[in-house]
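Each of the next two complexes has chain A plus one other chain: chain B in the first, chain C in the second.
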Partner chain A sequence: MLATTSAAQHTDATPLLQTIGLTKRYGSFLANDKIDLDIRPQEIHALLGENGAGKSTLVKMIYGLIQPSEGDIRWQGRTIVLSGPSDARAHGIGMVFQHFSLFDNLTVAENVALGLDGKEPFKDMSARLEQVSRTYGLPLDPRREVWQLSVGERQRIEIVRALMQNPQFLILDEPTAVLTPQEADQLFVVLDRLRAEGRAILYISHKLEEVKRLCDTATILRGGRKVETCNPKAETAASLARMMVGGEIMEVKAAASRQITLPRLLVNDLSLAPDDPHGVRLEHISFELRGGEILGIAGVAGNGQDELFAALSGERPAKDPGTIVIDGQAAGHLSITRRRKLGAAFIPEERLGHGTAPRMRLSENALLTGHAIGNMVLHGFVNTAATLKTVDRTTETFDVRKAKRDPEAASLSGGNLQKFIVGREILRDPVVLVVNQPTWGVDAGAAAVIRQALLDLAARGAAVLVTSQDLDELAEIADRIAVMFHGRLSAPVPTAETSRERLGLLMGGSSIEAPEAPHAARA
Partner chain B sequence: MRLVLEKRAERSTIIALISPLIAIGLTIVTLCILFAILGKNPISALAVYFIDPLTDGYSLQEIAVKATPLVMIAIGLSLCYLANAWNIGAEGQFLIGAVAGSWLAVKTQGTDAGHWVLPAMLALGAIAGALYALIPAICKVRFGASEILTSLMLVYVADLLLDYLVRGPWRDPQGFNFPTTAEFDPVATVPTLIEGGRLHLGSIVALLVVAAGAVLLGRTIKGFEIRVVGAAPRAARFGGFNANQLVLLTFAISGALAGLAGIIEVAGPVGHLQPGISPGYGFTAIIVAFLGRLNPIGILIAGLFLALTFIGGEQAQIAMKIPLDVTKVFQGILLFYVLACDSLILYRFRLISTSPKVQSGAR
Partner chain C sequence: MELVEAIILSVLAASTPLLLAATGELVTERSGVLNLGVEGMMIVGAACGFGAAWLSGSIIFGAFCGVVAGILMSLIFALMALGLAVNQVATGLALTILGIGLSGLIGAGFVGERITPAPHLYIPGLTDIPLAGRILFGEDAFVYLSIALVVGVWWFLYRTRAGLILRACGDNHVSAHALGYPVLRIRLYAVMFGGACAGLAGAYLPLAYTPFFIPGMTAGRGWIALALTVFASWRPARLVVGAYLFGAVTILQLHAQGAGIGIPSQFMSSLPYLATIIVLVLLSRARTGGSTAPAALGTVFVPDR
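After this line comes the complex of A and B, so read on.
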């Protein structure tokens, strides 16, 4: 095989990239504590860890974005100091970020040109772009403007941009987080090919099955330290998860019997034009959600999930009252406060700045959504004792860890703040809960607590609508799953009767829009 | 070595408290340099500015008189600024309030109108100020016009309107052609607190406004709405708070307070309507609001301090021939330092040693 011959050319003793005792200190906080990492040519090396484990800090040092406090980075055996990303690129280190840095109103070629350091004429660059994208099976039209492209295509631009510099070593930060399962499979083919060419890849992910399938080596970080380097194929997903978390994760259990009762949330032919020009228009969305039921909405980010949340919550009321019915009451025209009074609760995706005011205390953030009902406000005056009591109850029930009784929201970790927000809404015993990305960027322990809370709420008779990009999460808690694509929603299907492949096709846009199957070909 | 500004994990409460003091300290140092350049002895100039006014009764009363409009206006402005609505036109709202209230005083002049005149004047002043402030607020909400520009430009409209009235229709026939109305009747005058003194009832009103501001911001849901809408607009919308409504409300309140301050000034210390009734109270109040950290108690202290600079400036002009404009320079520098020091609440300075490894590194 080609793979073995090119491997033999490298002496196995010298890794391509090596970090020795790499440490990054922020004040008294150790973001990375003496990390040793060896990456060999022709290796896909997984970097695993929870949020806050230090993965980003480590790769940022390797890519020259931040300077290490201590320790060395060695490239082909020689110590190097990287003054910036262009320095790293000059050595042959490339990186594809999780969040794309693309200009929506420029073409693919213009975006790539902006990211390159070279002085190559635009025409040559454009031709080379087409050639590279064809060689690696990443088809791209250099003349199209970015706003017309799907998320998967945008990622291709980032990958092609990195490949055009012919890197020996490529860092990929959670590349599959925004892809459908089919798109992810296509990406793996590309990565296999890069490995066969003798390049090395550092692959950041928290999808363990994926890592087991793709990666040769895995390094696990926890709390800024390296826990272990192992062969992921020899481990189970559970054993990898244990190393990441440093203990057992609570298992999420659905109630033995759940009663499906009356329809609590009805959406009838909801259509809504977007606020901003690049937003998504909601088109003819209809579904019914009964008490005791959890409906999951899958889909790649940016297909109208945020717009649907704004419409359901009343942040953007619709004109026609009948389009949204909450617990038997026409609510399409009502404000978010009036909808809360009908017994609805909402949890947005963005914790800081949307779900909470970051620089305000937790008690004030309890008031933010709690003022509508209960005893927090009397004759226009705030009952501070009641707001503090909500904080205490939430802290107790959901194990929110914080430095003092009533700190600022921004001082909590992502998982703890999310537990606070979920607790704040759930302790009001809503009859309808609409939640967007409940466990996004949350550590595994907190994610389990939150999923369990959603299941328990449904078991008490509430209707729960969960929007998530994580299919595993939906499979775990949802009774039925629908898929959102280009502002349309597919018919919900019982979770047991669907499969990743089917959902993946829907996420890619096949069969939601009429029966024109060839649409899948664009993926 | 390199000096960088680094974000703090949590806002520093200590700096939040002492930042105005640091700003004042830096301003005084700058002022000393300025005095030295002017050829005056900085120490004795400072003494005339900041110490002498505190040593005699007349000056103390005068400080309270000057602080009254500053504090009332600044409380209103702080509500706007907390809600992220930038009312820069308090000076105009102050003048319009003064004009509207004076209308009643002029119309009832020499009649046997009773004690209802003064309360009615105060009400007119507040209502006119609120309506005048609503013009830029409505333009912002309805058309997206920048309230900073529109509110500022309306200052000049108000200024010229006042000028026209006292030179034309309302001019005192016995006033030797001076541009001023006749002295207001006693029923149209704000009573003094001390017989023969300058301190008047308006100072009590200002204290009540401070108390009301503190209760509104600290204890009520409306005050909470105002703070959230400024601090986190998206969260405010999620909370169900209407940002446009709050822009209108805060502009109306701040306009009403500025207008009330205007009519109190005219019916109190001045006693008649004339051009130049304000040495820029509406603009100085912006400094008061920020120096007081947009906090009612802080604003009370800051108002007294800036009133002191007005009095000190006058005395320095008399005693040391320091130009009165130095007071304005002082106030401008102070605002500059206050805003600069505020960044230290969320950020801190750090000295970073440039790594010695850069030289040894293989290139």
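After this line comes the complex of A and C, so read on.
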């Protein structure tokens, strides 16, 4: 174990890890441009930046996954060359990945063993695993297979695996993105403890309030360059965001008054068994959504949100037509196209491969959801002029930035593609819009445009259902919020009457009861 | 008694090439690579194995050359599917077509020749025990080798760290790469092992099963080995069950046809396939939850640099 020394002594000490002019070039593209970073022992150092700012590239170089084009990495004052992650681990650098690097069909112990150098016999390793997980309050059963575990438990494996190497420096890539607020609080306790033990942490996050609360130092990247190193506690969330974006972010404004009209989307006691063996069963889901209203569905990923989206969009039709009513018409059994003809529009979470066909042009992608209505198809032939016009209108209205008039979907950046997809659906003026994770992995500027568009659509009288893991987003745009857990949906509560704590508890599964079935006669 | 013994002996002989080839394919697929070229690797192994044995007069040298031929064939697959990241299904099918043609060319000079087949074990006393003696102690070396191989593969996959790493590559190559494992190199070794086993399985046919070579003599055994791997849900123990069951029903239905049971021969000939599929499906249904196939099976992996 490391000797605990006071924080004051460390402020002048040699940095534990230093990068000097670290640069990574892909062809002519500079992913990282001369980045200098100092990380001291007993420090939680935040790394902030928009998507594409170069955070991942930087930490991949520090963890030895990719090689720098130029520049040095210094460990305790000495220049080191990391030819692979095992080199980094040998020096005492650990990493917890954003997209977990776990193996679903292997047990917890096997997963941990794969992250270690393998010098220790498996039995001793298992015993030490149980001991480490107990010491840090991260309970794990080494014998269970990963696919059976919740997202929070999976992250525990990643953290315990990193801790088993007794690292002096730990990189955490967006660790709270998938956690409930309570789970995140538990994580912060662990991180505080690691800091107290003298370790250093590099903490990547989008959540600025969290960074202000937890971190001692923050380095901000923008477009591959370091913009600033500052003390986040002395900044405001808004000033940090300005540094990340390099300008002001448009403020999302709800219309002063909105007309709440007739019910546009009704879901009556919807239960559905999952298609795939790892899926979630939907259990007695009921809600009513009126025109002019935005209903937010919160919840940790993997609690049935994707299954609910598939049921609402018609990708997975229900047997009983009455379970889903779109604008007064029983639609539970209808196909996607029939539902679109009733005035519904759907935006899935995954942009490439679900929301768009990646290798097809934008005009062709416009046709894929727009063929049901309007003039895109005439007598069985595609009206190319109409599809191109949709692309142009979407581009103009939603400020989609692209290299040419009609590029392949895959060539757009995440934010621009999402603006295109949202725009494509909204310009059809749907009466019901179902959208799953509208701003997932999108930069702050594009996210603001998209949220504003959803608010404007509701103001024009449409019913909008937004599923999101981002509570701040829901608080910003939703009129009412319900929480999804294990395939059940809590009763929607007006946003003003709820709190992060209450939602967090629901997201963790406490006190969601099955809403009473509206028709008692239905077995 | 004589008949039962004869049947069991021929079942073991018929099952051995399936078990050998399927064991190799199981390791390949566990690493995440789908090599559909088993039939092609087998038939080239048969041609080269027979040719070498006929020229040298040594069964061991013949078996060795069969293994080497299988490895060389698998290296062609590895170059395409791993090195150049070409679609694995297409590459595997092409390898089979190549193998069938190549074996005809290599074997053309040996068609019609005969060799002395691989000798059977004889331990005085033990082998002479009625019934069990010849079955347990009177087989050729390939039979014992195939059983040792499948036990060895089981031990390797579930009891060694290298086996764990191999399974990890098959489950999620992105994670394995992120943890610093050389995914492509591990897969290369797994593909070569698969090639070696297929080559040996092919060589078994002309070296021990029938002591001569004819073109196309593998007769679809490579495809059956592939199917066995899937239906055994990628588990070595089930592979043994599947391979011997397939061999047993094949031999039994032949005897039944010979005995003149009034069932159409076409139906009888399909029985081995039906029985194997039904039993292995029932076995894999017994597992609760979890996916049985290696999750990364058949997907191309290109590491970022």
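As a convention for this text, the second predicted complex is superposed on the first by the 501 of 523 C-alpha atoms of A that agree within 3 Å, B and C clash if a C-alpha of one lies under 4 Å from a C-alpha of the other, contacts with A are read in each partner's own complex, and residues count from 1 in each chain.
In the analysis below, a residue touches a chain if its C-beta (ideal position, glycine included) is under 8 Å from a C-beta of that chain, and two chains touch if they have at least 3 such contacts.
These figures come from a predicted structure and were not determined experimentally.
After overlaying the two complexes on the shared chain, residue contacts for A:Ala475 are found with neither chain B nor chain C. Within the superposed three-chain model, A:Gly380 lies in touch with chain B and out of touch with chain C [touch as defined at top]. Touch criterion not met for A:Ala254: it reaches neither chain B nor chain C. Once chain A of one complex is fitted onto chain A of the other, the partner contacts of A:Val493 are absent, as it touches neither chain B nor chain C. Applying the stated contact rule after C-alpha superposition, one finds that A:Gln67 touches each of chain B and chain C. Contacts of A:Val151 after superposition on the shared chain: neither chain B nor chain C is touched. Touch criterion met: A:Phe103 reaches chain C, while chain B stays clear of it.
When the two structures are aligned on the shared chain, A:Ala113 is found in touch with chain C, with no touch to chain B.
Judged by the touch definition given at the top, the superposed model places A:Pro85 against chain C, while chain B stays out of reach.
Residue overlap on chain A between the chain B contacts of one complex and the chain C contacts of the other covers 67.
Interface of chain A with chain B (complex): residues 67, 78-81, 83, 313-315, 335-337, 340, 346, 348, 350, 353-360, 364, 367-369, 371-372, 377, 380-382, 407-408, 410-411.
Residue ranges of chain C in contact with chain A, taken from their complex: 161, 164-165, 167-168, 171-172, 174-176, 178-181, 289-291, 294-295, 304-305.
Residues of chain A touching chain C in their complex: 64-67, 84-86, 89, 97, 99-106, 110, 113-115, 118, 122, 145, 147-148, 277-278. Within the complex, the chain B residues that touch chain A are 9-11, 219-222, 224, 227-228, 231-232, 234-240, 355, 357-358, 361-363.
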